[in-house]
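Notes follow the structure.
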Amino acid sequence: MLAKKLRRRTNLVAGTLIVVFMVLLAVCAPLLAPYHPIDDADLMVSEEPPGVEHWFGTDSQGRDVLSRVIYGARISLSVGLISQAMNSIIGIILGLTAGYFGRWWDDMVMGLTNIMLSIPSVVFALAIMAVLGPGLINVFIALGLTNWSYTCRITRSQVLFTRDLNYVKAAEAIGLSRARIMFTQILPNIVGPILVIATLGVAGAILMEAALSFLGLGTQPPTPSWGGMLAKAREQLFITPWISIFPGLAIFVTVLGLNLLGDGLRDILDPHSMSKQ
Amino acid sequence: MPDGTPLLSVQNLKTYFYTFDGVAPAVDDVSFELRRGETLCLVGESGSGKSVTALSIMGLLPSPPGKVLDGSIRLQGENLLEYSEAQMSDVRGNRISMIFQEPMTSLNPLFKVGDQISESFIRHKGIGKKEAWDASVEMLKKVQIPSPSRRAQEYPHQMSGGMRQRVMIAMALACDPEILIADEPTTALDVTIQAQVLDLMRELKANFDAAVMLITHDLGVVAQMASWVVVMYAGKVVETGSVLDIFEDPKHPYTEALLQSIPRMGRRKADRRVRLQEIQGMVPNLYGLPRGCSFYNRCAKAMASCKETPVNLTDLGKERQVRCLLYG
Amino acid sequence: MLAYTIRRLLQFIPTIIAITLLVFLLLNVLPGNAALMAGGKQRLSQEAQERLIEKWGLDQPLHVRYWNYVSGLVTGEMGKSYFTREDVGAMLAPRLWPTFKLALSALLIACILGIPLGFYSAMHQGSWVDSVTMVGAVSGVSMPQFWLGLLLMYLFSVKLGVLPTFGYGDGKVINLILPAFTLGVGYMALLARTTRAAVVEVLTQDYVRTARAKGLRPLLVNRKHVFRNTLVLLLTSAGLQFGSLIGETVVVETLFSWPGIGSLLVNSIFYRDIPVTQGCIVVIISAFLLINLIVDLLYAVIDPRIKYS
């Protein structure tokens, strides 16, 4: 019975498998990587194409590309997860308070949300990076502030909707604390769509971090990040072309897994597409 | 049935739905005839197969899950099931027209109402845009929409539900079809508008000399409109007869129960009841129909043999039929 | 229609103002930075810094600086680069056309390939074309654009030598091919998905059933009823999707050393050249809002429910 249901949901299954694989890769990096991504730099074997010793070849510093790709997963995944967590929390808090308190605060939040939606997220992230300067921590901050708008909207709509429900009014009338009502009524209803947005958001964050690192604004060498590696690869396209394949492939597979997972979750949790962007 | 050649003859129609959850016999061995000048009402609850029957006739079944397995649908003797898609599209809107339940969403919001009626004329009569437009305005007049030439320039969202349903009727009758199929045409409308639309349909039927197949679950509508009634339950025909026979002398327990459940003033008091009469239980799941009578678990007159014995239609003479072990 | 247009235009103005405010606040929160950075690698003496700060008016209160900026904007004055001392407006102007050319080409590629694919997939749901297209589409949106660009660059430039690696060249089409295609593929994938979803949605609508019930020929039903309603659905999401395209432009321009606004923006961030960064962002966002406005107006033209309500 379960097998039958799973076969219908190829998105979900494939996505979950990929994501779990990538997470394991990141978590178990020290165990899985054959070499140290930074310290094992042997100039004698630099710029070697993929071979038995180094499955993905070596870069211009003699470092093993495979190991760097595996360790790169740590950066990408942690940026993705943490920044999206920040976004979700900000979105939920703003949405809850906007719907709950209403009036000028609601207007302000809505105005801000609309402005955020009017700015392409890459541009906004770049603007923040412009202020803070390059660096991984700043990437965390920038990305953590970019994608809260949809979460905020959904939370707020749910608050407004719930507020008007008759049984909520009845509960208020007999003295139940409003906060408690909101909490027990609202959260279960928004968990689904928010989870979907979050999953897709992590995918987006990983792409953005890669882009920022590629542009040189994110991780700085010698830290192994997928985007950074691709930036280097561009400089050395004629010399070590194989480096352009693997980090990008890693990004692609991870983001693909997350997108599939997000789509699959949407089919289950949110069939009416509250989270549709 | 009264004398006259059958305009439409449905014989042993079987339309099944093949889905992930199994096979549903939505229409299972259904037969009836529609004659010229007649109004036939297909009556039943949701899931009885009445809409699927209509869609099968029109060739509008959603074809991956739905499939016509067996039977024939003869329009003036020709079996529509043997028609190609191109031939069927010549029939639709031209010889057989259909209107649906939701007037609010059945019209395309992006095009003018006159344009949408003109489409039928252009498609089936081969006339030009200007001529078709004038003909459309004429049709709007015939369905009693005031200021028809102005209204034809409007968009659906500018009209009320009742008016939209009239537009649907106008579209359906544009090419002078031999048969009009109406699937719950008034269910989505207010009661007062319902009466107007039904009156309109009656009048138009007389003027256009079309046969009408009306699908409904509302016995009030049946009483007003029908000359002939076919009662369906869980995909099968359970009773047929003239409207008078059905109302005055229902044979099948389901028909009886339906009639009983119509609220009538003063009856509860007379019967010393507080609750409204209803039919206990629910329509069976089409994916797991019982071997015996599908109505068994809700039937007031059920017998032991009803549970396991498959029941066939019994001919009671004078074109009355019942599917019940009580009669054969 | 006219009333609607005017209303939308009036909405446009405060939005732009709000955004310039936000951007200004964001970038100018720390005034000292610019002076520090202006020295480049050499650290300026305290005196020199203070002189610079005074000269550029960075010691004035924020709202005064903002007012100066906005009033300057109205006349096209966008300040001067902290480094090259060039007029920001003059720096931006020659870069507008390359960016526009790139974005437009990518958009065309995406629409011409993506929309028909999405349409076909929706009409043939479950077929192998549908499956392949959808797998391709989800891959397309998952792929980092700069990776694709890099791979294409390697294939066509290094290995095959048919296309130039990067740069604008003389502005000929051959230089445009790689960047435009790189940028276009991602959007094409997104469009294919969105179009398919829209068509599937439209096909379930009652008015399509009515059209069929009238005996209209399938081609007409598709061309007229399905297509136009799909277009309406597509337009509602077009504005936001275009935003992601703009974001990608920044990266693709940098990858291919394309002399557009995107690469200028990235450079200015490296050098902490705030006025240039500000100018770029304001231009990009204004363009984005303008496009959204046009899309909204287009939408109103096609959907009579907006016009007559």
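So that you can tell them apart, the chains are marked A, B and C in the order they are listed, and the count of residues begins at 1 in each.
Rule of thumb we're sticking to: a contact is a pair of C-beta atoms (placed from the backbone, for glycine too) under 8 Å apart; a residue touches a chain by one contact, two chains touch by 3 or more.
No experiment lies behind these values; they were computed from the predicted model shown.
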**Request:** Treating touching as the only link between chains, describe the layout with one word: line, ring, star, complete or other.
**Result:** line
**Which two chains share the largest set of C-beta contact pairs** = A-C
**Request:** Please indicate which chain is farthest from chain A, where distance is taken between mean Cα coordinates of the chains.
**Result:** B
**Asked** Measuring from the mean C-alpha position of chain B to the mean C-alpha position of chain C, what distance in angstrom results?
**Response** 53
**Asked** How many angstrom between the C-alpha centroids of chain C and chain A?
**Response** 21
**Residue ranges of chain B touching chain C (in the complex, touch as defined)** = 58, 60, 64, 85, 88-94, 97-98, 100, 102, 105-111, 119-120, 123-124, 155, 157-158, 168, 171
**Message:** With touch defined as at the start, can you tell me which chain A residues reach chain C in the complex?
**Reply:** 111, 114-115, 117-123, 126-131, 133-134, 203, 207, 210-211, 214-217, 227, 230, 233-234, 237-238, 241, 244-245, 247-249, 251-252, 255-256, 258-260, 263, 277
**Touching residues on chain C, where the partner in the complex is chain A** = 15, 18-19, 22-23, 26-27, 29-30, 138-139, 141-148, 150-151, 153-154, 158, 165, 237, 240, 243-244, 246-248, 250-251, 254-255, 265-266, 268-270, 272, 274, 277, 281, 284-285, 288-289, 292
**chain B contact footprint on chain C (complex, rising order)** = 126, 205-207, 209-218, 220, 224-225, 228-229, 232, 302-305, 308-309
